[in-house]
Amino acid sequence: MTRPTATLLVSCPDQRGLVAKIASFIYANGGNIIQADQHTDFEAGLFLTRIEWQLEGFNLPKDLIGPAFNAIAQPLQANWQLHFSDTIPRIAVWVSRQDHCLFDLIWRQRAGEFHAEIPLIMSNHPDLHEIANQFNIDYHHIPISKDTKLEQEEKQLTLLKHYQIDLVVLAKYMQVLSAEFVEQFNQIINIHHSFLPAFPGANPYQRAYQRGVKIIGATAHYVTADLDEGPIIEQDVVRVSHRDGVADLIRKGKDLERMVLARAVRLHLQNRVLVYGNRTVVFE
Amino acid sequence: MTRPTATLLVSCPDQRGLVAKIASFIYANGGNIIQADQHTDFEAGLFLTRIEWQLEGFNLPKDLIGPAFNAIAQPLQANWQLHFSDTIPRIAVWVSRQDHCLFDLIWRQRAGEFHAEIPLIMSNHPDLHEIANQFNIDYHHIPISKDTKLEQEEKQLTLLKHYQIDLVVLAKYMQVLSAEFVEQFNQIINIHHSFLPAFPGANPYQRAYQRGVKIIGATAHYVTADLDEGPIIEQDVVRVSHRDGVADLIRKGKDLERMVLARAVRLHLQNRVLVYGNRTVVFE
Amino acid sequence: MTRPTATLLVSCPDQRGLVAKIASFIYANGGNIIQADQHTDFEAGLFLTRIEWQLEGFNLPKDLIGPAFNAIAQPLQANWQLHFSDTIPRIAVWVSRQDHCLFDLIWRQRAGEFHAEIPLIMSNHPDLHEIANQFNIDYHHIPISKDTKLEQEEKQLTLLKHYQIDLVVLAKYMQVLSAEFVEQFNQIINIHHSFLPAFPGANPYQRAYQRGVKIIGATAHYVTADLDEGPIIEQDVVRVSHRDGVADLIRKGKDLERMVLARAVRLHLQNRVLVYGNRTVVFE
Amino acid sequence: MTRPTATLLVSCPDQRGLVAKIASFIYANGGNIIQADQHTDFEAGLFLTRIEWQLEGFNLPKDLIGPAFNAIAQPLQANWQLHFSDTIPRIAVWVSRQDHCLFDLIWRQRAGEFHAEIPLIMSNHPDLHEIANQFNIDYHHIPISKDTKLEQEEKQLTLLKHYQIDLVVLAKYMQVLSAEFVEQFNQIINIHHSFLPAFPGANPYQRAYQRGVKIIGATAHYVTADLDEGPIIEQDVVRVSHRDGVADLIRKGKDLERMVLARAVRLHLQNRVLVYGNRTVVFE
């Protein structure tokens, strides 16, 4: 599927005729739907859908699709997003000292697994500058202390604007973002090195070891003002045994972290994730 | 969702407007879609969909839905099936000597996991008669030998008709059905005790042990004239090690077999499985 | 391996020569070791081992093995247990209203997966009496209220003594045992319907749904005075999606619960689990 | 555990006293066992063990341990290998055009997950020369055609000798090695991109897609003269659905391949794999 497509993500109060109305809008304008999926949350009374269709042969020019769909969406009280596959999102990867997720994200981007660019790496440490050089990506070292945090976050926001960043990926960035930051930029995916809600916060592997669990996990989620409480996109686990010390848990966890983070980023980039409340619908 | 629903399973050559046409048919008659999913196989040029809607408030009486939809389906060259959730399918479970899948299926049916009845157990051995008694299910012992096979299959077909069976579940039935049988009754799900296409045929655990595999599997598939070659509905695996002898593989495999078979039967009963060619689309 | 064996579980401060001393004790008396495994926890400075050997041809009579080994164990400051495979442990299964774990345990015992007897089912509800009858197992209904708990626990302890119970399996027994009870009888395995330490306490599936997790779990652990805090024997997980409501989580969880509980009970019955601190070593 | 250790891998006909004799040998010379594991294959009448002990305080100098142990091993008719953790094995990675396994192996080696050096990359294509440069590893491009194969294999063997290679890792090397080659150098691990014995040979993902399997796998095994028939070290799987085309299977498979290959290489480097017949014992 290399031909350009448009994708609508819609959520609205459940009511009759939603699929018919949205599908007819696309058909009436000559669109060929290549994937459509929907979900109804009956408790919440909410209808959620993702529809992707080929732009080739679609009668509406790209800049009119939004306004035209809005005429349908408004009476339905629908929230909606429209994405085009030929607009390439720009990712900033934020790291601290660990390189495994960074390496993995870069490799996947280079391998064509992510339909995105990575023009910017940001870090509160200088350690991974070399990797940035190796792959010709700009690296900004912005140290953070308790006292300088808010001020430094201003710099970070300026950089995100400057580089026209669409998505921030916290790839083992060991700092908490302030509520103010998240309010100003909210397209942020984090990887937490535990099976949330088990072991939120610091040192999850150490605590998993002490609790004597037989399985460890990793969780990719959108960042909200509440640490480790944002909507979960993806989780996975791996078996451990009494033979595994903390160092083994960390090692096994690294594989989990990069897998889970990569899957979440990919799902996000394909516009397959719809957040409502503190939950996600993942249209796979 | 205990209110009655109708489900359409449709496959047809891919073309514009399919979702719109089918969804509009339901909307125009006042139906409320509760789940819709679709898949396009671009290589095969095939569109496949499953749509489920509430019968409550639907303007067409049940016996007219089929004919009305056919008027839409014919110009699309569509194959379609229509199912109603208030029609309870009837299952015949076929066994030989092993009881684990039989027990599991009965327990799930009693627990409400299957929306179906189990009026009939058939076996080429008398061993499990007691279990049938325990749960008040008719048990027919029909021994099979090379010479009597075709003749006995006639008896089996007669019983299926007599009990008005919709689905045969081969729950470790260790006999191969003839091509003639399958031609006359083709709603049959089998559980094979290996990760197909590895180890088709007899003694898969023994052969898995000899090959020294580190993972074993089980496969639930529809039965066709070619042994172990039918469309796969569900598979799963479990890890084994050098410590596991053949007896351990058999024991671990039993858990796999009952899980995988149960999932496949449940998916079938919910009309979530669409076969095309030798493949299945499973609308989960 | 149906010939009788003896199994030693030993833990002691780590020091040179432990394997040699224990293995030589068995060899000197003519024993044939069929499995030996050991683990050293360097942080805790602890050596833990499990050794199983055939009784056939072993020169010491069974009642002298313990005293003879004690002479070796004492200078090593070792804790040890000795088990004989021809002594059949007796299990009491405790339930409330749900039958899936009970059914599964009985089926596995009947199928020979557990080397144990189940002479007793206890419940705070009368609902599952019928199943007990079906399988000829004694059923005692002992209702529990806040006011009667301690008094009823006396009755329960009396029954455990009367039936000579070695192991209590809480198979979805929805009551918390008092610290006093656990002090008097501490061979108790519980199945908790979450991936501990996530969602301890009540209604884990409801809370997992609300948190929007993508994976749910189950945990089998020994019971201690602290609810859901005992040493973990086994855990497993299953993937869920936005399509799964609370009822689906409960259904999927049932399969997990019975698998995880069965594995833990089996490991315990084979004397493969050694507890130290709040952790277990599982010699698989 | 950074202090140097010695590891014995032993296999011999099963008989009484094996654990005692081997453990006593180590204890008598002042060794501290840090891990001991054993397995008895009763069908084959074979005893297999792995024992690792600290060299610190061990009374025998390294070059005498072998001869001294041989005096014990010979009357037992034992095959044995002795490894020292302070001897760093040297790996040659062989690739064709795909870079994912190569990248992963280098990253893990750099991250300290492999206790080994990678001085050599060999390929039948020039494509990955750049990566070798990036990490300062020698790259030899040795094109292979039907006619030149045996002659080129001579060059390859010469290079292995020159670089003093202990282990060859076929990291998606898309050529079959001749029986002659394998006879002369047999420490070779291959990653096959299917769940063997399903889909041996070429194009496993294409064939998995056509068969409509619901799970795909990868297999790491030692290379023998029979293609894809060598002793399996490690396998793993990942779920796929009807939504996954061949390209998705390849993408998902890449993650599997690098995980499974890395685990196998790590187990081999830690001397945890013992081959007997066409099977492996993996002492984890």
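In this document, chain identifiers A, B, C and D correspond to the written order of the chains, with residue numbering beginning at 1 in each.
Quick note on the criterion: a residue touches a chain if its C-beta (ideal position, glycine included) is under 8 Å from a C-beta of that chain, and two chains touch if they have at least 3 such contacts.
Predicted, not measured: the structure shown is a model, and the values here were computed from it.
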Q. Which chains does subunit B share as contact partners with subunit C?
A. A, D
Q. C-D versus A-D: which has more C-beta pairs touching?
A. C-D
Q: Averaged over CA atoms, how far is the centre of subunit A from the centre of subunit C? Could you give it in whole Å?
A: 41
Q: With chain centres taken as the means of their Cα atoms, state the distance from subunit C to subunit D in Å.
A: 37
**Q.** Contacts with 2+ other chains: residues of subunit C
**A.** 39, 42, 241, 243, 284
(Q) For a test of understanding, state which residues of subunit A touch subunit C in their complex under the given definition. (A) 39, 41, 43, 195-199, 211-215, 217, 231-237, 241-243, 245, 278-282, 284
Q: Give every residue of subunit D touching subunit C within the complex, in rising order.
A: 1, 16-21, 23-24, 26-28, 30-40, 42
Q) In their shared complex, at which residues does subunit C touch subunit B? A) 99-100, 103, 107, 111, 113, 134, 241, 243, 251, 254-255, 259, 284
